[in-house]
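Each structure below appears as C-alpha cells.
You will see subunit A twice below: alongside subunit B first, and alongside subunit C after that.
Take a look at the complex of A and B:
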C-alpha cells in the first residue's frame, strides 16, 4: 500500500470467529471500500482501505463535525459490525475513526493489546447489548426546563382577579404536583432498571437525553444499556415488553433498542462501572 | 408532520448509535487516532448540531451524576 491510503479499523474478533472471505464479499465500509481481515496472534482486525485525503487526522476532525458525513460513517461502521456479529461471533467494536497507516500498525496493536482484547472477547462472548430508554409522558412530570414549552401544564398566569397570595399558592400547588409527578417517574425508572439489571450480566447508564434529544416525548428519565446473554434474550425482551405495558400507569414510556453488538461494554473493565468511556487498563 | 416525525426518529436513532460508537467501543491506539478529548469535543458539537433541528439548543451533555440508588447495584454487584 502506498502512503496515499490508510486502513480504517472496525472491529476485533477471534480468528475462529471471523467470517470467511465470502461473507465479507459484498460488505462495504465507511468509504464504500471492501472490508478484509488482518490476522495476528489468533486475533483478527477488520479493516478497509480508505483514501488518506479523507481520513487523515485533519480531514477526520473536519468530517466528524459534518452530521451528514458522520451519519454515513456511523451507519457504515455499524453495518460492518452487524455483518460480522450476525453469525454469532463475539465482536469488539472499535471506537469510530481508528485509523492505521498500514497492516504493520494493525498487527502491532493486536500484539500490544493482546491480553486485554482476549479478556474482553472472553467476557463478552455469547452476549449482546439491549438499550432501554424511559421517558416521562405524564403531564405533571413535563419538566419545563427539559421541554422548553411555554404552554401546557405550567401554573396559571396571574390574573387581575387573583390576589398575590392566591397566585403564590397556586404556583406552589403546581410545583408540588410537578415534583410529585417527577418523583413517581423516577421511581418507575428505578424499578424498571432494577428489574432489567436482574436479567443482565452488566449494565451501563448513559446520561439522560436533554432537551430536543429526548425526542418528541417528555423528560428522559433513564437511558441505559444492558449486556445480556444471547440465550436470555427472549426473557429480557419479554420482561421489557411487560414493563413497557405497565409503564403508562406510572406516567412513563419504555423504548427498547437492539440487539446491538456490545458497544457499551467492549471498552470497559469487568467492574461494570457505569461511567463513560474509559479504556481497558 | 409525518415527514418531520420520521426525520426526528432517524436523528434520534443516530444519536443512539453515536452514543455507542463515540462513548463505547474499544479504544485502541491507532496510528492516527483522535485523542479522547477530541472525540468528546466532537460529541458535544455533534449533539448541538443534531439538536439544532429544533429551535431550542440546550446543552445536552451537562455534567450529570448517576443516581446513587441506581448505580450501587452495579458497583456492588459486578
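Take a look at the complex of A and C:
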C-alpha cells in the first residue's frame, strides 16, 4: 500500500455476513472506488481505497464543510451500507469519514473493539431500522374559533374597525385554537409512537426537525427510529400504513423510511446499555 | 437493489404511498434531486449515528459537532441547503429557543405598533 492511498471504512460485519466478491463488484464508494473486505478475528470491515489527497485530515476538514461534497459522500456511504445489509447480514454502519492508513490499522481496530463490536452484532442480528416522522399538517380542519365581535372571515388583523380589546380577544382565541391543535397533534404522535413501539425491539427519538422546512412539511411532532426484527417488517409497515391512514383525522401526516441498517442502535456499542421504550420528552 | 445508481437508495421509501395522503408538499421540500431518499434522513444517520470509532485519520466528534453548527450557519444563508432539507440541528435547544425568542420579539413589535397606532388615534380625536 503506498502512501498516497488511505482506507475509508464503511461498516463492520461478521465474516459469514460479508457479501461475496460478486456482490461487491459493481459497488462504488465515496471516491468512486471499489469496496473490499478486510478480515480479522471473525470480523470484517468493508473498506475502499481512497486518495490521501482527498481524505487526509486537512482535506476532510475542508470537505466536510462543503455541502455538495457532504451530500455526495453521505449518499455513497449509505449506498455501501445498504448494499451490504441487503443480503440480510447484520451490519454495523460506521460513522461517515472513518479513515485508516492501511489494513494494519483496520485490523488493530477490529482487535481492540472485538468484544464491543461482537456484542453489538449479536444484539442487532436479524434486525433493521425503520424511521417514522410525523408532521402536523396545519389547521385545515380547525378554523380559529374567533369569538370576538369581528367577522368570522380571515385571521384577526389589527385593522381600523377592530378595537384593541377585540383584537386582543381574537388573538387569544386564535392562540387557544392553535394550542388546542398542537395538543391534539402531540397526542396523535404519542399514540403513533406507542403503537409502533409495541412492534419494535427498541426505539430512538430524534430531535424533531424545525425551521424553514416546517412550512411546507408542517411542524415535525415526532422523528423516531424503531429497531424491528426482519421477519416483523411486514407487520410493522402495515401498522405504519394503517396509522398513516388514520393520521389526517388528527391533523397529522406520517412518513415512513427504511429499512435502514441499524444506525440509530449500533452506536450503543460504545455508549453502554440500550434503553428500550424511550418516551417522547 | 441496484447499487450502480448513485442517486438511488433502493431501501429507502420516502413518502411513497404512506404520507402523501394530504398532498402537503413533502416531496417539494425534501429530498430534492434524489431518487426518493431524503438527504436529511441520510445525514441524520451517517453523520450523527452509527458506530463511532477513531480512525487513523482524526476527524473527531468535536469536528462533527462543529460541522453541524457551521452547516446551520450555511443553511441560514444558502437556499440550496434548505432545498436539500438540511435543518435538523435547528432543533438544538439553545438554537430553537432563540427562534422562539424571535417569534415573541416579532409579536411584541406588532403589539407595540398597535399600541402606538391606538394612542395616536386617541390624540387625534381629542
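The criterion applied here is as follows: the second predicted complex is superposed on the first by the 249 of 281 C-alpha atoms of A that agree within 3 Å, B and C clash if a C-alpha of one lies under 4 Å from a C-alpha of the other, contacts with A are read in each partner's own complex, and residues count from 1 in each chain.
Criterion: contacts are C-beta pairs under 8 Å (C-beta built on N, C-alpha and C of every residue); 3 or more make two chains touch, one makes a residue touch a chain.
What you see is a predicted model; the values in this text were computed from it and never measured.
When the two complexes are overlaid on subunit A, subunit B and subunit C occupy overlapping space and clash.
In the superposed model, A:29 lies in contact with neither subunit B nor subunit C.
By the touch criterion stated above, A:248 is placed in contact with subunit C alone, subunit B being left untouched. Applying the stated contact rule after C-alpha superposition, one finds that A:218 touches subunit C and leaves subunit B untouched. In the superposed model, A:37 lies in contact with neither subunit B nor subunit C.
In the superposition on chain A, A:100 makes contact with both subunit B and subunit C. In the superposition on chain A, contact is made by A:205 with subunit B only, not with subunit C. When the two complexes are overlaid on their common chain A, residue A:113 makes contact with subunit B and with subunit C alike.
Of the two partner chains placed by the overlay, subunit B and subunit C both lie in contact with A:65. By the touch criterion stated above, A:48 is placed in contact with neither subunit B nor subunit C.
According to the touch criterion, the shared surface of subunit A, contacted by subunit B in one complex and subunit C in the other, consists of residues 6, 9, 12, 55-57, 60-61, 64-65, 67, 70-71, 74-75, 77-78, 92-101, 105, 109, 113, 117, 120, 131, 206-213, 215-216, 223, 257, 260, 263-264, 266-267, 270. Those residues of subunit C lying in contact with subunit A across their complex are 1, 3-4, 6-7, 9-15, 17-19, 21-22, 24-26, 28-30, 34, 37-47, 49-53, 55-59, 63-64, 67, 70-71, 74-75, 78, 80-82, 84-88, 90-92, 96, 99, 110, 113-115, 117-118.
The part of subunit A that touches subunit C in the complex is made up of residues 6, 9, 12, 26-28, 55-57, 60-61, 64-65, 67, 70-72, 74-83, 85-86, 92-101, 105, 109, 113, 117, 120, 131, 135, 137-138, 158, 164, 167, 206-213, 215-218, 223, 240-241, 244-245, 247-248, 253-260, 263-264, 266-267, 269-270.
The part of subunit B that touches subunit A in the complex is made up of residues 5, 8-9, 12-34, 36, 38-40, 42, 45-47, 49-51, 53-54, 56-62, 64, 66-67, 69-71, 73-75, 77-78. On the subunit A side of its complex with subunit B, the touching residues are 6, 9, 12, 55-57, 60-61, 64-65, 67, 70-71, 74-75, 77-78, 92-101, 105, 109, 112-113, 117, 120, 129, 131, 148, 186, 190, 193-194, 197, 201-203, 205-213, 215-216, 223, 225, 257, 260, 263-267, 270-277, 279-280.
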